[in-house]
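This is the structure, below, for whatever I ask next.
Going in written order, the chains are labelled A, B, C and D, and every chain counts its residues from 1.
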């Protein structure tokens, strides 16, 4: 079971990593934002899959990450959007 | 390979990448990012050393881990100070270069 | 399987670091840096540094990323001048050689680390009972290496003084950072009302758990600062003017209380920052409670930046 | 009982991983920004949601399980907000150009 969880974590992270090509290619800022958004939730999923079975406190780390990733992506979209609307 | 070895080598490469960035990036903000990469490489190396010191039922040596927490927060405060410096320079001159031939344009940043 | 996952994570971290360096636009580089910070959290979990993972997730993945992205947006017009100033090929080759050499030397050192590794974990474990806390990192931060933590709290205040002193004379004593024009009934104002209460509970929980489990005041304070910043960005609240007496008192209250308890130790326990027998846990908790609001306020104001305007909105 | 829970976990986590795969494929292959956004929101919410569901039986306690659900709800809230904001930036840009 642990091996399955680790493999799932690796798979999710690999998927998210592929999605990061959108940061490279763009073309618009909205696409970059989406890649970061996917990385946020994929990173949390990978963290939970890789850690929560072995180390219970990983859940707290994921909780912090969920809060701060929410904050970061909202602030990020605001600064990018604020720029285009000015 | 064990986790400390993998991430120790990753840390060494991060320091190399960061150093490269500090040298070649012409933009000060990019230099700042690169400097942060060097910093996180050093932190990661210390983290690998802490993991190697696992003993007495602890997953890692708590002394370097405590130093890391201190270090990460101080690195953030230094980054915030550097960003504030850059923004002030930009508001003052309209550019962020430190080159001697750059002319000052007051108020250029307010547009 | 774990080794494969670790190698994959390390490769991803390196790829994002490289992207941060070589990306054409500063904005894209900063986005890469934000993603890099998020991934480092996973590295810390794999290295069994849960306390470090918490602070990295909060500071590296959150605050620093938002800080540099905000700066990149403001500095966008300087991109062209920077592009024109790129180094020539010979200088780039030299830079590759130099940084490659440094990385190779460091990697060689990593491979030559002594076995068995030196560790202070047994000493910490042997003396931890005297502190009354069950999280060894908290014991180190507030008992065995309390001097570091005290100086760190002071450094944060010094950095904030540095940021404030960058304000132009005409707005000295004013409010930092302009808010955004946000529709008060829009989605953003809505989420800025929903998220901070959850965040405050989570921040206090992480802080509270810190005595016995991974967590603590730095991690909690960072979450609190981020939530306040979100409310400010959404226009629900404003940053306080920096010349307010209460603000300055609140900023130094935490480090001052820490320092006072440390000084009291010279009388009651015979050394600076020593705790008398049996009172260690109470004093450690007192220091943590005193530091939390000051740290949250300092981190928030560091993010908000130098004062920029005088008038109240 | 334990075997049944394990199978349920494996199924839910695999489904979650599949949604991440779908989200990535959509992000890379779909032709325009809005259709990418449409696909991403599904992948995002369901992917993490199914992973959380799959991990719930293994959470080892009610409070850990509640924290897992909290994480998902937070991610939902953030995802919904961010997609709204992203869609709005796309729209304002399209109207203007």
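Here is the rule we go by: a residue touches a chain if its C-beta (ideal position, glycine included) is under 8 Å from a C-beta of that chain, and two chains touch if they have at least 3 such contacts.
Source: prediction; values computed, not measured.
When the interfaces C-D and B-C are ranked by how many C-beta pairs touch across them, B-C comes first. A separation of 28 Å divides the Cα centre of chain C from that of chain D.
Centre-to-centre separation between chain A and chain D, using Cα means, comes to 10 Å.
The centroid of the Cα atoms in chain A and the matching centroid in chain C are 19 Å apart. For chain A, residues touching at least two other chains, in rising order: 29, 35, 40, 55, 60, 63, 67, 69-70, 74, 78, 80. Shared interface positions of chain C, i.e. residues touching 2 or more other chains, are given as 2, 46, 48, 50, 63, 70, 188, 191, 195, 198, 202.
Residue numbers of chain B whose C-beta contacts span two or more other chains: 59. Counting only pairs that meet the touch rule, the chains in contact are A-C, A-D, B-C, C-D. Contacts from chain C toward chain D in the complex involve residues 187-188, 191, 194-195, 198, 202. Taken together, the chain B residues at the contact with chain C in this complex read 1-21, 23-27, 29-30, 32-34, 36-37, 40, 44-45, 47-63, 65-70, 72-74, 76-81, 83-88, 90-91, 94-97, 99. Residues of chain C touching chain B in their complex: 2-3, 6-7, 10, 13-14, 17-18, 20-21, 26, 29-30, 33, 36, 40, 43-44, 46-52, 55-56, 59-60, 63-64, 67-68, 70-72, 74-75, 77-79, 81-83, 85-87, 91-92, 95-96, 98-100, 102-107, 109-111, 113, 117-122, 124-126, 136-137, 139-141, 144-145, 148-149, 152, 155-156, 159-160, 162-163, 166, 168, 216, 218, 299, 302-303, 305-306. Residues 1-2, 4-5, 8-9, 12, 15-16, 19, 23, 27-28, 31-32, 34-35, 38-39, 41-42, 45-46, 48, 50, 53-54, 57-58, 61-63, 65-66, 69-70, 73, 76, 180, 188, 191, 195, 198-199, 202, 206, 209, 213-215, 219, 222-223, 226-227, 229-230, 233 of chain C are the ones that touch chain A when the two sit in their complex. Listed in rising order, the residues of chain D touching chain C in the complex are 70, 74, 77-78, 80-81, 84-85.
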